[in-house]
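These are the structures in question, set out in turn.
Next, two complexes with chain A in common: one pairs it with chain B, the other with chain C.
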Partner chain A sequence: MTAGFARVLHAEWTKFTTVRAWVTGTVTAALMLVLFALLAGISSDQKGSPPVPTGPGGEPVADSFYFVHRPLTGNGSITVSVSALDSSIPEGPGELRPGTVPWAKAGLIIRRSTRQGSPYAAIMTTGSHGVRMQDSYVNDTAGPPGPASARSVRRLRLDRAGDTITGYTSADGTHWTTVGTTHVSGLGPTPQAGLFVASPPVADGMGTAGTVSTSVFGDLRVRGAGGRWTGDQVGAGSPSFAGYPAGRSGSYTESDGLFTVTGAGDIAPAVRDTLPAGGTLGDILTGTFAALVAVIVVGALFVTTEYRTNLIRTTLAAAPKRTHVLMAKAIVLGGVTFAAGLTGTLVAGPLGEHLARANGVYIFPVTSSTGLRVALGTAALLATASVLALSAGTILRHGAGAVTAVTVAVVLPYLLTVIPFVPASTANRLTRVTPAAAFAVQQTLVPHHQVTGNYTPYNGYWPLPPWAGFAVLAGYTAVSLSAAAVLLRRRDA
Partner chain B sequence: MTRALHAEWTKLRTVPGPLWLLLGAVAATVALSAGAASVVRCTSAGCGGDLTGVSLVGVRLGQAPVAVLAVLVITGEYGSGMIRTTLTAVPRRAAVLAAKAVILTGAVAVTGTVAVLGSLLAGRAILPGAGGDLTDGAVAGPVLHLVLIALLGLGIATAVRDSATGIGIVLGLLYVVPLLSLAVGDPHWQRVLRRIAPMSAGLGPPLSPWAGLGATAGWAAAALLAGGLLLCGRDA
Partner chain C sequence: MSEFRVVSAPEIVVSGLRKRYGRKPALDGMSFTVRPGVVTGFVGPNGAGKSTTMRVILGLDAVDEGIALIGGRPYRSLRCPPRHVGSLLDAASPHPGRSGRGHLLWLAHAQGLSARRVDQVIELVGLAPVARRAAGGYSLGMRQRLGIAAAVLGDPPVVVLDEPFNGMDPDGIIWMRGFLRSLAAQGRAVLVSSHLMSELQDTAGHLVVAGRGRALADAGVAELIAGASRNRVALRTTATTNATRVLARAGASVTATGPGTLTVSGLPADRIVTLLGRSEVPFTEVSAHRATLEDVYLELTREAVEFRATTPAEVSR
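Take a look at the complex of A and B:
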């Protein structure tokens, strides 16, 4: 850095810190983050709601299904054939029609107990994803495709040897193929083994609707398990269970060695649709939108005020290298905004989470590295948006125009994605190509291919990875800053 | 008062900015409405949601240039120092603000009617047979919304006397307050926020003709009153 540029930088720093409105605006941005986090934290009261079940990794899970089980001591195996998996989908209030639930599950499971969140391994046929082997809620291995029916009976087998569970499938009962082998720790001395049926909700408009499925099992053979079969609805009152459609319930009947089992729910990681009352770190940081408007105003004013008061002539006379002036302004503005944004986010995030948890609201957990990414990303988002406003102000030389252009470009696309009738594909496209893509830095939820859900920006799932989304905004800012530099050099001030 | 009105009309008419902003408002409204109508998925059961609402999504974008115009009507004078001349010529300051409000209302009402009719017709052309009906409510509601947003912008801008700050506050009220109501968990507070937000009619249920206009009118009246009191009490 040359001494000349250092002087320009110092001049811009002095201008910024001595204009009270700009400092106030930047502090307001940080306060908005904290204020909105406070509001989000105290505005919801879910005290006394049942706890959200968590899996072995601490992640929230759905663990509700109908379970026909008996204890399995020591090693052993369980074999069954599935000849039907029929699902019903709600159609209008109180009406059900037959339909396909892609991730309806019927099969065999070995798990520590009937408590929600128990370690398990399972092999199953599904509505339209073929045979799968799943364990520990998040792991999913694909087996042969195709649904189970009377004409193509699916045979399934689970073998347990210590902590090792192996799943097999066969079409004819003689040739068995291995679907997967997994190590499940914490199965305990007497795990429960048996048949299960689960039927997760299907996407319905902006929300989901509960379904129910019935499966027919035959040829049940068990080695190592004793006692009577018991039928239980696991996780009946769980917050991650939408319940049965009106008038239906879980059950099982046995006659002539055929088990008919009806169930609803899912054994899977919880997504936003599973826990609609839950909150995310991104929800707590809604103040980002208000902070954005504040930093956009400050960014635009940082240059347009010079044009209005004609200070720009003095500035350019003192520093004839005009690009240096713009760079210095961008560095000072970006740096100050980043610091304010980071301070605001680091206070707002933990504060809002603490208040929400104290009110009984479930907040989706984040690792410390994800939390740090959200904080740094939000600060970078605010800083970059303010520099975008600075360059728009330089191009337009007009405060109101610059503020409107940048606010509309960043906030309106997001606002359009929350309109109920905008299709998810349009919402995803809007948040991929517009500067609003940068809000992806606040995503803390993880989509799971084995769970049907509305993976939309409104629900906290962004089409681009966090830093790629940020790069879209950074790209717009880089282009706009270059255009501003060219115009500033060419035009008469 | 007639002279004040004539002066304000001349100021609005003789600079190119307002005309471009109003044309921009029409273009933005119709373009976004047409875009929304073209992405809506239609099934045999219908096109999801209220079709008049689909055809009027563009009002969310079109209100931005309207707000800019409203803010500039007064802050432009503060920026150039013209406000001193204006107040010397018309010493009754309330009359100046009233004249600005009347001229702005007229300009935005005409522009808004063109924009809203254009959106509804575009929606009808893109979604034939299902397009929004041209009832009085479907046209007058959104036009009134635009007029009230303009008055809200005028009031706030008179109070803060700076174009960038003024437009920042107006856009914050229009775009950020509805998002706040989404972040608040408690349904009671959500309802309260939706009812008091100046663009409450724009989120959740599609823009309905009259719902939410009362809140917007309240905001506009409060902003004009605050701006008027400050204008009368402060040194220019």
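Take a look at the complex of A and C:
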């Protein structure tokens, strides 16, 4: 950095700090983050709600299904054929119609116990995703495609050797293909093994509707397990279980070696639809939009008041390298806004989470690196938006115009995604192509292909990865800043 | 202001500036030179191109043709320009929410100067009592003082001030005149624009009279007054009609400049006395006419005034 540029930077820093309204505006932005977090935290009340089950990695899970099981001691093997998986979907109040639930599951499972969140491995047929092998709630391996039916019976096998569980499938009972092998730690001395049926909710408009599925199993052969078969609904009162459609319940019957099992629920990672009453760090930081408005106003006025008062002439006479002036303004403004945004986020996040949890709200957990990314990303989002406002102010030379333009570009698309009835396709497009894409830095939820859900910005799922979304805003800002630099150099002051 | 005199301050040389706003020429061959050690008044009616010329000198506005140099270099190529050229532009407007001191402080930081220098210039222009108040509450006169403080902050050898007298009260005008003279006396080159000639009376040693985008005159004040006074004689007489007839017949041009007062040009004073004596026209005084700066200005700018009020006679016609 040259001495000349250092002086311009120092001058712009002094300019910023000697106008109380700008300092107040920036502090207000940080306070908005904290205020919204505070209100979100203290206004919630879910005290006494049952605990959310968590998987081996601490992540929230859905673990509710109908389980026909008996203990498995030591190594062993279990084989079955599936000849039907029929699902029912609600249609109006109290009405059910037959239909396909894509991720309805019927198959074999070995798990530590019937407690929710137990380690497990399973092989299954699904409504429309063929044979799958899954374990530990998040892992999913595809096997041969196609549904199970009386004409095309699916044979499934699960072998246990210590911690190693291998899943096989066969169409004829003679030729077996391996679907997957996995290591499941913590199965314990006597895990439970047997048949299961799960039937997750399907997307229904903006929300989801609970379904129920019935499967017919035959040719059940077990090596290493003894005792009677027991039927249990696992995770009946769980907050991650939508329950059975009205008038239905889980059950199993056995006759002539055929097991007919009816179940609902899912064995899968929890997504937003699984836990609609849960909250995310992004929800806690809702004040970001209000903070954005504040930093956009300060960013635009940082230059437009100079045009309004003709101070720009004094500025450019003092520092004739006009690009330096613009860069110095951007650095000072961006730096101050980043610091305020980071402070606000680092206070608001933990404070809001603490208050919400104290009120019984389940907050989706984040790793410390994700939490750091959200904090840095939110600060960067605010800082970059303020520089975008500075650029717009330089181009338009008019405060109200610049504030309006940037607010419409950044805040409005975000607000539209928060309206529940704006279609997901529109919300996704808006948060891909407009500067509001940068809100993706606040995403903490992970979408899972093996779980049907509304993966929309409204639910906390953004169409672009966090830093790609931020790059969209950064791109707009870089282009505007370049245009502002060209115009500032070309125009008479 | 500074303890030592500025040694050989650079000149401002403005040559052949041309600039158009759309089809309307704002500058049409503006040329003049500002020398150190003297206050150069830059006068002319509104729209004559004074402010535009000053912005061009300061590298703020681009021109279609011509160049303005300070000590042989364009303003924008100077190293830390505010330490070479101090400036006050017509709208010397600090941010209304920033204190006068804050305004000077950022300007000081832009030049690598300390807050101590800021407090010095605040004292110098007499703003100390209000320096920490928001500039939005300043009167125009206070803002002009703040602008002067900003201009001399870097102790520059060249000072360019656009309409510094605007909005000043009589005390302020007297202070400003003294301040400008002291700047010049320290050896600085001082360019001061004004649309009122009277403000520069007794202050400017050199005048650039602008009109319609060019310099109509660029000369010393004494020289201009002498030029306007040359070959003119003031005549006091009760018989103005007779005197006019006699002198006009002899080839002089005569104008009535007041009751019983005529200004005669084209004839030397002794010839006038002889002619009037011979024709027995009574008169009380014949003296060399002494033009004022105002006369010079009015004569030079008569053609160049853009917005002249029409007289009632012209309206009724």
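To be clear about the criterion, the second predicted complex is superposed on the first by the 488 of 493 C-alpha atoms of A that agree within 3 Å, B and C clash if a C-alpha of one lies under 4 Å from a C-alpha of the other, contacts with A are read in each partner's own complex, and residues count from 1 in each chain.
Note that a contact is a pair of C-beta atoms (placed from the backbone, for glycine too) under 8 Å apart; a residue touches a chain by one contact, two chains touch by 3 or more.
Predicted model only: the values in this text are computed from it and were never measured.
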Q: Could you tell me whether chain B and chain C fit or clash when both sit on chain A in the superposition?
A: fit
Q.
So in the superposed three-chain picture, is A:Ala493 touching just chain B, just chain C, both, or none of them (first/second/both/neither)?
A. second
**Q.** Comparing the two partners chain B and chain C, which touches a greater set of residues in chain A
**A.** B
Q: Figure out whether A:Ala21 sits in contact with chain B (first) or chain C (second), or with both, or with neither.
A: both
(Q) Let me test your reading of the model: by the given contact rule, A:Thr286 touches which partner, first (chain B), second (chain C), both or neither? (A) first
Q.
Quick one: is A:Thr314 in contact with chain B, with chain C, with both, or with neither? Answer first, second, both or neither.
A. second
Q: Considering only touches as defined above, state whether A:Val408 meets chain B (first), chain C (second), both or neither.
A: first
Q) Regarding the shared-chain residue A:Val418, is it in contact with chain B (first), chain C (second), both, or neither? A) first
(Q) Quick check on the superposed pair: does A:Ser43 touch chain B, chain C, both, or neither? Answer first, second, both or neither. (A) first
Q.
Looking at A:Val8, would you say it contacts chain B, chain C, both, or neither? Reply first, second, both or neither.
A. second
Q) Which value, in Å, gives the least CA distance between chain B and chain C in the superposed three-chain arrangement? A) 11
**Q.** Residues on chain A lying within both footprints (that of chain B and that of chain C)
**A.** 21
Q: Name, in rising order, each residue of chain A that touches chain B in their complex.
A: 21, 25, 36, 39-40, 43-46, 205, 277, 279, 283-284, 286, 289-290, 293-294, 296-297, 300-301, 304, 308, 356, 361, 398-404, 407-408, 411-412, 414-416, 418-423, 426
Q | Residue ranges of chain B in contact with chain A within the complex | A | 36, 39-41, 47-49, 53-54, 57, 60-61, 64-65, 67-68, 71-72, 75, 79, 162-168, 171-172, 175-176, 178-180, 182-186, 189, 203-204, 206
**Q.** Residues of chain C defined as touching chain A within the complex
**A.** 55, 58-62, 75-76, 78-82, 87, 89, 91-99, 102-103, 105-107, 109-112, 150
(Q) Going by the contact rule set out above, which residues of chain A touch chain C in the complex? (A) 3-4, 7-8, 10-15, 18-21, 305-306, 309-311, 313-314, 316-321, 492-493
